[in-house]
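All chains are identified by letter, namely A, B, C and D, in their written order; residue positions are counted from 1 within each chain.
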Amino acid sequence: MPGGPPRSAGSAGSAMTPEDPPMTPEALRDAFLRVRRQTDELAAPLTGEDQTAQSLPEASPVKWHLAHTSWFFEAFVLTKAGTGYAPAASDYGELFGAGAANGGGRRHPRRERGLLTRPTAAEVGGYRRRVDEAVLSSFEAGISAETAAAALLGIHHEQRHQEFLLADLKHLFWKNPRQPAYRPSGDAGVFGPPAPTPPLRFVSFAGGELAFGHGGGSFAFAGETPRHSRLLPPFQLASRLVTNREYLEFVEEGGYREASLWLADGWEARRRHGWEAPLYWKRAGGGFEEFTLGGLAPLAPESPVSHVSFFEADAFARWRESRLPTEFEWEAAAAGRPVRGAFLESGLLHPSPAEGGPIGGRAASPAQLFGDLWEWTASAGLPYPGFRSVLRSPAAAAAAPDGRFLFGRMVLRGGSCLTPAGGFRATCRNFLRPEARWQASGIRLARGG
Amino acid sequence: MPGGPPRSAGSAGSAMTPEDPPMTPEALRDAFLRVRRQTDELAAPLTGEDQTAQSLPEASPVKWHLAHTSWFFEAFVLTKAGTGYAPAASDYGELFGAGAANGGGRRHPRRERGLLTRPTAAEVGGYRRRVDEAVLSSFEAGISAETAAAALLGIHHEQRHQEFLLADLKHLFWKNPRQPAYRPSGDAGVFGPPAPTPPLRFVSFAGGELAFGHGGGSFAFAGETPRHSRLLPPFQLASRLVTNREYLEFVEEGGYREASLWLADGWEARRRHGWEAPLYWKRAGGGFEEFTLGGLAPLAPESPVSHVSFFEADAFARWRESRLPTEFEWEAAAAGRPVRGAFLESGLLHPSPAEGGPIGGRAASPAQLFGDLWEWTASAGLPYPGFRSVLRSPAAAAAAPDGRFLFGRMVLRGGSCLTPAGGFRATCRNFLRPEARWQASGIRLARGG
Amino acid sequence: MPGGPPRSAGSAGSAMTPEDPPMTPEALRDAFLRVRRQTDELAAPLTGEDQTAQSLPEASPVKWHLAHTSWFFEAFVLTKAGTGYAPAASDYGELFGAGAANGGGRRHPRRERGLLTRPTAAEVGGYRRRVDEAVLSSFEAGISAETAAAALLGIHHEQRHQEFLLADLKHLFWKNPRQPAYRPSGDAGVFGPPAPTPPLRFVSFAGGELAFGHGGGSFAFAGETPRHSRLLPPFQLASRLVTNREYLEFVEEGGYREASLWLADGWEARRRHGWEAPLYWKRAGGGFEEFTLGGLAPLAPESPVSHVSFFEADAFARWRESRLPTEFEWEAAAAGRPVRGAFLESGLLHPSPAEGGPIGGRAASPAQLFGDLWEWTASAGLPYPGFRSVLRSPAAAAAAPDGRFLFGRMVLRGGSCLTPAGGFRATCRNFLRPEARWQASGIRLARGG
Amino acid sequence: MPGGPPRSAGSAGSAMTPEDPPMTPEALRDAFLRVRRQTDELAAPLTGEDQTAQSLPEASPVKWHLAHTSWFFEAFVLTKAGTGYAPAASDYGELFGAGAANGGGRRHPRRERGLLTRPTAAEVGGYRRRVDEAVLSSFEAGISAETAAAALLGIHHEQRHQEFLLADLKHLFWKNPRQPAYRPSGDAGVFGPPAPTPPLRFVSFAGGELAFGHGGGSFAFAGETPRHSRLLPPFQLASRLVTNREYLEFVEEGGYREASLWLADGWEARRRHGWEAPLYWKRAGGGFEEFTLGGLAPLAPESPVSHVSFFEADAFARWRESRLPTEFEWEAAAAGRPVRGAFLESGLLHPSPAEGGPIGGRAASPAQLFGDLWEWTASAGLPYPGFRSVLRSPAAAAAAPDGRFLFGRMVLRGGSCLTPAGGFRATCRNFLRPEARWQASGIRLARGG
């Protein structure tokens, strides 16, 4: 590699996680308790019935998330802890397990998870408490470094499922003609402030030879590694996310009817699914309402547009004579910045309008990089150069999709208002089918390059 | 029409119903209470989660059946009774209504009924009690003859849904890897008695000009009318239903691999669905187990084979160098006989072996005509000559499928172990797609004709 | 069966066929030569390319029809004639054979017939001549009665394929943006006469116990047998076919947008296929053109509407507060009448307006019963009572679809302008899927019954 | 960008094309005549019927290729040449045109190209001659530089279609049960030499900052531009293509039954299509035969395995604990080497065994980089950084798929035995769906990186 050491793109990774190893037993215990309680709280407003149904083949019932995350600790922490733990039920691996690493065991088909009326939500609640107690006991008894690593993996794994749980539930409630609110939107004003968002500007980045991916020193999923160098041409990134107001123009000016704006596969997806607007937009009067976890609300023009597919994001970008950034452009822009933004802990559960944005010239920073909405990139879900498959680590394979499952998916970056903030990193990658719309996805434009 | 008055085929219809008009208010009240309690009892062992899920597009959740049958009384009795009844909720028509007669209102899509986690099972239970009280009050206040007729229709309608409720639930539990029992099979011996069934013989019928369909004088669904004459050539009907033992031979001798035994559409259905045995058969060791509402059980060789499609029944018949009877042959054989058999009230919830069967010559009667299993016939679901559409009677249209929905279905006759006995008639017709297997359907062979 | 002998419904069958057995060798030879020449003449205007393509899975290329009808004589006449005939090619059975009777041999998949660029049209032409010569030689040498029967079957079989050949070709040309004419429509006036058709009236029939099906004494396909009795209530049949003008009203008044007019399966078919008018109607200016074997032509308002599916015919009938006749009503009306009408030999290749119709009262006869268009009936394609499968007669099984292939089809009656007149009988049944539109099918209304 | 100027990866591009600009009029005329004659010769052995059929939605009939390549010159050369050329037919743009650039005109649906029995092959032949004469006349009259560029584009465009023509025809003949030979395989020994191929070794490459893509100075398609720099880690490339012998081991050791070897989407494609071996392998006795343009032949163990999908190539690589190269690794290895290999002009029409391969250490070169088979890479079909859409250049848009059509495709490199050699470049990219198997695609393994 010519030249000196590459400047760091994702090196902030090590700064943003609180779990600097060696993590103390107390810190691990606290993190464990925190994530488990947070999950329980997310499920608390829901009846057993709400927890059981599944409205998309690629989504899972809330109950399944609750059980699956517990199974993870059972399979990779408790049975290794040497405390003679007996699994809660002989078939939970079949019902709630995951991962290609499963040694030939049976797996309940993913698309039939909504048929699991047994075990009941109450039984799954009992399962969670049983696992909590056993894990805490094993912590007290002392666990090996390897088991501690598996527990840490389980904590991060459960954080990902917190986000899935809410996105999946939102879709389920959307499919109910009553369109119930997951919880009342206390302060409706939060989503539609009087002040307009600042105008969308483009912030310039110099590019160059930069390092990407996670470099160790704190937790990361395998897919974020290895850290490696790439050459990046100069590029520009939008100062904020695209708003509902801007996207509405695209809708109203016929963006969904003009084939030349769309990728060929996108145009076909649009036709097949009958897309005419983002997923949760609903025509009302002459305009649109938007379904949120607080129920139906008038479309907030200054809020970021959300629940669009990659294909819609790409078509919108072409209409604006822009493009989507690559995941490396995004990471170059985000590297080294504090990981602050509207994450799950904000309690908003919905993206908010950008507050400030760039005032002046090149030094200014894009807003909303972290939180609010996952941002579609133009990068395919390919492993990084030198990536080693995690197939031989069952826990890692169960915690995050192996590379074999990423083919055909696009990368999203930055987390969303449903993503837990704890341990979120600039190197985090999310992978979705280009037609996926039910997760909290939005649009950031790019130019140049 | 030459000759004298036709001998009666279905004339027993008037003898078998307890509700001989004019039905007294007390009798109507009793029948109403009986059917409502019976439904409640059927649902009693189930959690809210069990009541919510839907495992087939053509099935419905238990909760939906509970609400839909209540909506029927609300829509066609309470709002007509003049007692100022206020509907329980403004959207129950959308969620739980049915019938082509719905005046342009919205209908929740049938295949998404399993997503209705709200209203909850508890709310639906409350709805049932509210409707029960209001109906009883309206009875006390006195109702018109027309409203009484609608109430009677609602009672028969709810009986049909009792059967659907159990068939749909059975499929849901089958899809659960735990394959839970709806209720313990107290006396396992009931399904697999030591004594072999009597040999299958053919009973001869003379045919001739006979009358078919319901002739009035008691309750019937519109599709059973009008009563009309047909010429029937002489024919023979099997003395009992086909048993598991007999069907197992068909399976083991390659019946599912020999195209020439199957209707072309049946062969294609077999291939598309991957059929290799009846729906609830499961390979275990070298043989089969069968899933029942009491859970998995060893296949009882002497019990009637159940949960086969029309296509399988037809292929089996061809293999046995027989055929399926027409619905008119069946009705000719059943007419005038007492409607006795193993219906829902027997509590068996599963077909039982034939006990006796014909001893001697032509006078002997086929066993198991009523109850145990619906019997596939070779008759397409066409309206009878002179049938008048019920589209102008919203209650009738909601209570049973209009002719427009019968095209493409085949007729089954005789009721099953899940069918309530009350008011069952020899003229009752059931209509299913030829590939349907989840209802309690079996095979009776015929010859001649 | 009570009463005297049934009045004859289809007894005219024996009067209308010229091939009264024993057919003389000369008559058989003449019939053979006639049908073979007629087929050659139908294909004469077509290039090898036209003869090779297949535009529907259920249609076949012209070349395939030419070869298949020759294969029939090879398989069932020549190899039985004892003249030491050697088949033209070892794989013609695989490529051009048919019938469930094929003893386990391979069959080229039906939907890939358009890929058979080899053998070429020229080779198939040579095959036809080779077979012609060998059959004539075998006739000269003298053949057994059984072989003569197979030859007669082959002649009728080839007549059916003449009709398929033209219907399939018409669809192929329709799919070509050039929409070429099979042959110039010499006298354009033929399809659109100045005089309006007579008003549609209903002709009354008394019904009663009547005999149906073919009774022997001349040729018939197995599916027309056995002759049997049925009771028919009184009914009325329309005096002529429904015209384009009448059907256009249905189109323009929203018939294709009103679900309550359609069978449920029909409404679904309409949606899936995007039907908005009959198959060959094409919007032009404010109206419609119609594609014919003479090319595109202005829609002739007085001509019978053609190329509608059963579902469209049924919906139209409901819109007119009528219904489709059963096949037995049709046969009762046609029995005993001379088999005259616009068949293939008329050279019109398109249905013509009815010329007269009933003048007065009950004695009047419906027009257009034979020829012009096959008429959809409300009867499912079920075997007649007592029908014996032809599976053990390979020739019969190859000549016409066995009952196993009729399930899911509806019966049409009367023949069309593409049907050869020779030997056409009132008992002839045609069987098509209810969504089929590419054959020459039209609508006759019925009432009463 | 740090460091000195990047070493060249694809710079050989300018050296390998004979058409160094300014191309003389004589050279252009010669190239035009050469490519047109070559195409005519490819089609010469085929009947009109062979030229008309289409066996895959993504393939085209030979006749269509013959007409489409002529239409290109008509649309982009003749109508611009100012010689008053009148198009041969008003509908050839609809029938034979292509490109997103088409100004709103109608396009005949791609999957129905096999239904175009008119115009005939003879008419298309006349069209070709008419266009040839007019182009030569316009050359004589003198054309502008822009029109000369369009003509050069048309020549390269026709070369691409020569390859498609043969690949599409091969599939058509494969679907014919006769499996005819496009032309006799004169020297059968060519595909199965006695000597084994040299063992597969891995050749090391240093990587570094390299330039990729076409840098101008000669013809290239837009998708090969712009030239740009990338960092490449060190990597190893296999010394030759994977052979049938090696792939057969994968088949026989259960490679098609082991899910963990496959991408998730690949496993699903395998199941859906029923893949058990490469496309043209056919079980015969205990082994396999392979279908070639010379007909069926015994599988040649030393020849490269061909007609595998990306998914199969990827699974094979995983089984061999290797991976597929990126398109940049391939280009880095090929850059600067002479473009020599078994292309279309070799007349082999089938891949040949590698002859030599690396003897010793790092200096050795991989064999078979050019010709024989297109090599699947692990790179998605994304535009290069800075790529400008060609949508505003109708000729360019018609000549090669715009970026909007590449989404969802993978890149292949190196050309094949069906690719014309003239003007082939190391920067050439081919784009196919990962499940495509009907083009001449093979496997080269990589390691490291």
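Basically, contacts are C-beta pairs under 8 Å (C-beta built on N, C-alpha and C of every residue); 3 or more make two chains touch, one makes a residue touch a chain.
Please read all numbers here as calculations on a predicted model, not as lab measurements.
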Most widely separated chain from subunit D, with each centre as the mean of CA atoms: B
Distance from subunit B to subunit A - Cα centre to Cα centre, in angstrom: 48
Mean-CA-position distance for subunit D and subunit B (Å): 61
Separation of subunit A from subunit D, taking each centre as the mean of its C-alpha atoms, in whole Å: 39
Where subunit A touches two or more other chains, by residue: none
Arrangement of touching chains [line / ring / star / complete / other]: ring
Pairwise chain contacts under the document criterion: A-B, A-D, B-C, C-D
Touching residues on subunit D, where the partner in the complex is subunit C: 47-53, 55, 91, 94-95, 106, 108, 112, 114-121, 172, 175-178, 180
Interface residues, subunit A side, partner subunit D - complex: 1-4, 100, 208-209, 228-231, 233, 260, 262-266, 378, 380, 382, 385-386, 391, 404-405, 407-408, 434, 449
